[in-house]
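Two complexes, one shared chain (chain A), two partners (chain B, chain C).
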Partner chain A sequence: MRTKGPAAPPGAAEPRRRPNRHPDNAWAVILLAVPFGGLVVFYLWPLLRTVLLSFSEGTAFSGYTITGLDNWQRLFENGDDIWRALLNTLVYAAIVLLGVPIAMVIAALLHQRGLRGRSFYRTLYFVPVVTMPVAVAMVWRYIYNGDFGLLNEVLDTVGGPTRAWVADPDTALYAVAVVGIWMALGTNLIILAAGLESVPQTLEEAAMLDGAGPIRRFFSVTVPLLTPSIFLVSVLSVIGSLQMFDLLFIMLGRTNPALADSKTIVYLFYEEAFVRNDRPLGAVIALVTLVVTLAVTAVQFRLQRRWVTYA
Partner chain B sequence: MRERLRSRHLVTHVVLMAGALLMVSPFLWQFLTSLKTLGESTRIPLTVLPASPRWENYSAFFDIVPVGSMAVNSFLALVLRVAGQLLVASLAAYVFARLRFRFRGPLLAGFLVVLMVPPQLFVIPQYEVIRTMGWLNSVQALALPGMFSAFGVFVLYQFMRTLPTELDEAARMDGANPLQIYLRIILPLCRPALAALTILTSLFSWNDLLWPLIVNTVPDRMTLPVGLATLQGAQGTDYPVLMAGSLLTILPMVLVFVLLQKQFIRGIAMSGIKA
Partner chain C sequence: MKSTKTLLALAATAAVLTLAACGDNGASAGGSGDDGGDGEEVNLTFATFSPDQEPAIRQILDVFEEENPGVSVEIQIIPWTDYWSTLQTSTAGGTGPDVAWMLGAKIGQYVDGGVLLPLDDAFEESGLDIDKYPEQLVDLFVDDGTTYALPKDFDTIGLWYNKALFDEAGVAYPTPDWTWDDVIANAQALTKPDGSVYGIGAPMDPQATYYNTIYQAGGEVISEDGTTSGFDSPEAIEGIKFWTDMINVHHVSPTLESFADTESVAQFMSGRLAMLTTGSFYAIRFANDEYASANLDVTELPAGAQEATIINGIGNVALASTEHPEEAARLAVFLSGEEASQISSETGTVIGSYEGTQQAFVDAFPQFNLQAFLDQAENGVVLPVSRNTDAWASREGEFLTPAWTGEQSVEDAAAGLAGAMNEALAQENQG
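Moving on to the complex of A and B:
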């Protein structure tokens, strides 16, 4: 029993009480109510629902009942659509990854001391990042046109091969991937430029005094110190590539003869879930995307140990 | 020495300029094509400059799709999504970064897990939720899931963690409650992060295709990218009008970018995430 001491200073009133480790429980409940409610309704519940759907049968009208692995069997045993889509997606991601060395060279050129017009160049290289993929895909589709496209015209004058780039199953995916590189270059450049800022200038200067030329300095000093940023850019590039949908959707219309051979995994998802309205199969494809994304990212993190140096 | 330095930069400028030209040439071609006649745009050998610029192509774009209402939809969806995302993400980030409460770890993990999952895993049930609410073909359908995106929580959480805890402690001594601290102290200090999030969310919202394509299927409820996408099949071949229209739809974001370049670049560098 304690008696109220009128003169007790605040804080000294209950000297033995353990400090409250969770003083803000009530406020957390109040302030988190809306964000957490939205998270549950639009993300956590959907996650669970997609998993359940993947094991279910039915339609939007009849409702769904859980039946087991039928959809998984259907996806992997009927035809090779899923395998082709997986392969296409990985090939696409690999090609877009080639944009990283390009971005490195440009970032290094831009980083040179005393270079004028740096922000001018940066603006131009960055514009494709802010433009709507749907819109630029239309422009590129027109440029790639086999009959009157700008690319063929240019290739024709220099004696290169001409063809209907996005209507030909042999080239369509690669043609789209080139646009992927073009669109991602600005983002890669920004992240690598931020990495270069943190490379100490003194090392570059020391190498210069030792007589190393610019190319030697780039490979022996800049690149090794930049590996953490290169790694980050590579991981983000691959994750982004695995999501590719807009470019393909626009550049290869539904009647395109190359479409059947060029679908990516997200395209297949859209088609099954929302064109054919086969939601359970769509759910399986979505889960496959998750597995692939996690697997590819895990591989990248494993390989990281071999080539990334943290200063 | 100075001579050599300058000549080295000369080579650099030539390389950078050539690259920059490659980067913007599709836009130049888009612009030139948008002023041609259909005949000029499909003629071989190519016509580089139109005989006389046809600005009518831009108004023709307004005649084939309800561009006005599509632009309004895109804009309203953007405003709603950005406002919602700023509020939701800053609240959640504040609670996780500055308050001490039970189950903080598991709850935070709930948000962060969502970040690592490809969006397709949410799309089908999100569509079902929106349909159940009777909100298909509405502005809120476009904006809603994105408002609760965990991406914003993550970006703001990272930023708020770097603010000194003495700020909160001092305010508490003065009798401020957590809501007051959030509103008067933390939010004002987060202005750069909030600006970056605003820009990135606007970009996502304006350019997004898959979600709006699924939920809003009535032409005058579509967003600009979806409206543009429908042109591809139906109208298909009127390249000058298509180029004029696509140029108009990318213009707002490019203008915003040119005006707010610094914030754009900081946003990308901060989140490390592709738009």
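Moving on to the complex of A and C:
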């Protein structure tokens, strides 16, 4: 937001001269003020309010008064709900991260020269992204149904184990994570496909002349040059997973025996803030989510130095 | 480092969730017209959460508009999942509707917040008779002698059964004098060993299943003064055990897992359950389904140590933030009045609350013995509430799940629930 150079000593002549010297600056300030105002009103102000709310007590009608650390104490001292939710969320994020290598393989297959119907396949993989999560969750609920589900039907004919996939505490979180991978696949593919396009053809050809086969070329040429895209996909995928709520909410339902073992942190936030009307405690959980997201992302940025190659 | 900033912004979104939900209510306040001078146009907004009842509500509002020239009412349907948070935040922000649906479980916070209009004067002016409403429901909306809402309808729980499955098993249909033991014995006769048909459904559903049997056993969910939990009493435990035994001891009901995958009503409608205890509010759904309409019927709940059925109803409140308090109060009363009650009953959606209008509900779907729901109303126990019902009611599932799955005894689960509930009640009574 600085509009002039190094701080000038206070002088009488300075303010008079300024408007004429940089007529464009005024416009820059005005144009920047619009998005900056939006940032303040829609991000910074709510964030500040959330922080204040987390230290407050009260109800929507009586208003909230700041009382101190009570809510934070309540969250961490009353049982292990928050720890279990954090663990579930991290497990979920880790599983969804496994979708990245899957997306890489598919992206590479779709990138092969001479492949027919490439746009068709790309569209096909992208469809889950533009489908409403609620609709996706409903369809998968039918697939996973323990009594009449498609999955059990198939497993039954091949002699595999059948169970109530999303109602069994041992499998529910994993079953939901599989849907998470499937839903994120489309976005990941688009980003990775764009990355593949930018891998110079010349390097591939040079490797080919050196006698490298397709597998060797993929791992020694393509993957290293693709690492910036892989990194981006991983970061986005983790942030998205840390905020997972809708799939769990729709696929499990209120009286599911697996719910206690599968709750994510945003689900816990929803329960406290909107079911039990405890908005201050909800604010604490929202801030914990923010801190965890920042921490996990910071770790990813730290680790990228070891494996991401910027050409 | 530009991407770091983007990520920061993304992460901040998580925290914004809280406020975003508080910020968007978009509900317009009542007066888009002039400020209510003589003979001026008055526009009111009425909030409801049921799209099913919209046609009946529109009919009722047309009558109201006809009787009150110059007043027009707009319906605002807010889906159930958003209804309470929207109503709460918009009311607190002064931009709420003028009149809205209210439940006994929620009204405490609104009364404490001082955001409701007393309806006593408008009720007196209407000429309606308070004795014509089910008494338990009227009390639900009265606080300290002031009436804040009147019940517009009520529902009770009955024993629905599938005639085709009873015929097939050669078992006589249930009658109003059945006891708990009759239910168990007949459910055993109706259950097929291959798992294709179960005698009864035992979902973990307070209003439709275990609250009823807790009161039938002589127990209670919450003490009369609203300060202590009744879940750990021997009677309440017996009432819960009735259902968990159906799954874990008698094996005549699908498991909780099965109900999580396919809800009990859907299983019942597809002929997998021979019996299901649930509310009068499902009559319309059953009537609209070909198989259900032809094969289902209903009778009174079986009795335990005593007769009891959970009764619940919706009230209409007028909000204090309205610009037209007089018209809003009049509308709130009218929506729960005799004409409104008659129209609601005729559609078969709900049982109108005003005495004399209920026959229309019974007649709406003659294929079902809906009279059973009315006959039970005198034994009705109002759905238990406190000032902040959700604080403890939302924890029932968490504590009772292990009892339903058989991992924990009902005694232990109920004791845990009672402890958590007492804690919530202590907090609420001290706040």
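Here is the rule we use: the second predicted complex is superposed on the first by the 268 of 311 C-alpha atoms of A that agree within 3 Å, B and C clash if a C-alpha of one lies under 4 Å from a C-alpha of the other, contacts with A are read in each partner's own complex, and residues count from 1 in each chain.
As a working rule, contacts are C-beta pairs under 8 Å (C-beta built on N, C-alpha and C of every residue); 3 or more make two chains touch, one makes a residue touch a chain.
Computed from a prediction, not measured in an experiment: that's the story for all the values here.
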Superposition on chain A - do chain B and chain C clash or fit: clash
First (chain B), second (chain C), both or neither touched by A:Ala167: second
Which of chain B and chain C A:Phe42 touches, first, second, both or neither: both
Touched partner set for A:Pro23, first chain B, second chain C, both or neither: first
Chain B versus chain C as contact partner of A:Asn277, first or second or both or neither: second
Chain B versus chain C as contact partner of A:Gly114, first or second or both or neither: first
Touching partner for A:Arg216 - first (chain B), second (chain C), both, neither: neither
Of chain B and chain C, the chain that contacts the larger number of chain A residues: B
Partner chain(s) touched by A:Gly146 [first = chain B, second = chain C, both, neither]: second
Which superposed partner A:Ala260 touches (first chain B, second chain C, both, neither): second
Segment of chain C that clashes with chain B, given the candidates 59-67, 77-85 or 185-193: 77-85
Chain A residues contacted in one complex by chain B, in the other by chain C: 39, 42-43, 46-47, 49-50, 53, 60, 141, 147-148, 232, 242-243, 253-255, 266, 269, 273-274, 279, 282-283, 286-287, 289-290, 293-294
Chain A contact footprint on chain B (complex, rising order): 5, 8-9, 12-13, 15-16, 19-20, 23-24, 26-27, 29-30, 33, 41-46, 87-89, 91-92, 94-95, 99-102, 104, 107, 110-111, 114, 116-129, 144-145, 147-148, 150, 153, 177-179, 182, 203, 206-207, 209-210, 214, 224-225, 228-229, 232-233, 236, 239, 242-243, 246-247, 249-250, 253-254, 256-258, 261, 264-265, 268-269, 272-275
Touch list for chain A against partner chain B, complex: 21-25, 27-32, 34-36, 38-39, 41-47, 49-50, 53, 60, 106, 109-110, 112, 114-117, 119, 121-136, 138-143, 147-148, 150, 153, 182, 184-185, 187, 190-191, 194, 214, 232, 236-237, 240, 242-243, 245-246, 249-250, 253-255, 266, 269-270, 273-274, 279, 282-283, 285-287, 289-290, 293-294
Interface residues, chain A side, partner chain C - complex: 39, 42-43, 46-47, 49-50, 53, 59-62, 141, 144-149, 164, 166-168, 232, 235, 239, 242-243, 252-260, 266, 269, 271, 273-279, 282-283, 286-287, 289-290, 293-294, 297, 301
Interface residues, chain C side, partner chain A - complex: 3-4, 7-23, 85, 88-89, 91-92, 109-110, 112-115, 203-205, 254-263, 388, 390-391, 394, 397-398, 401, 404-405
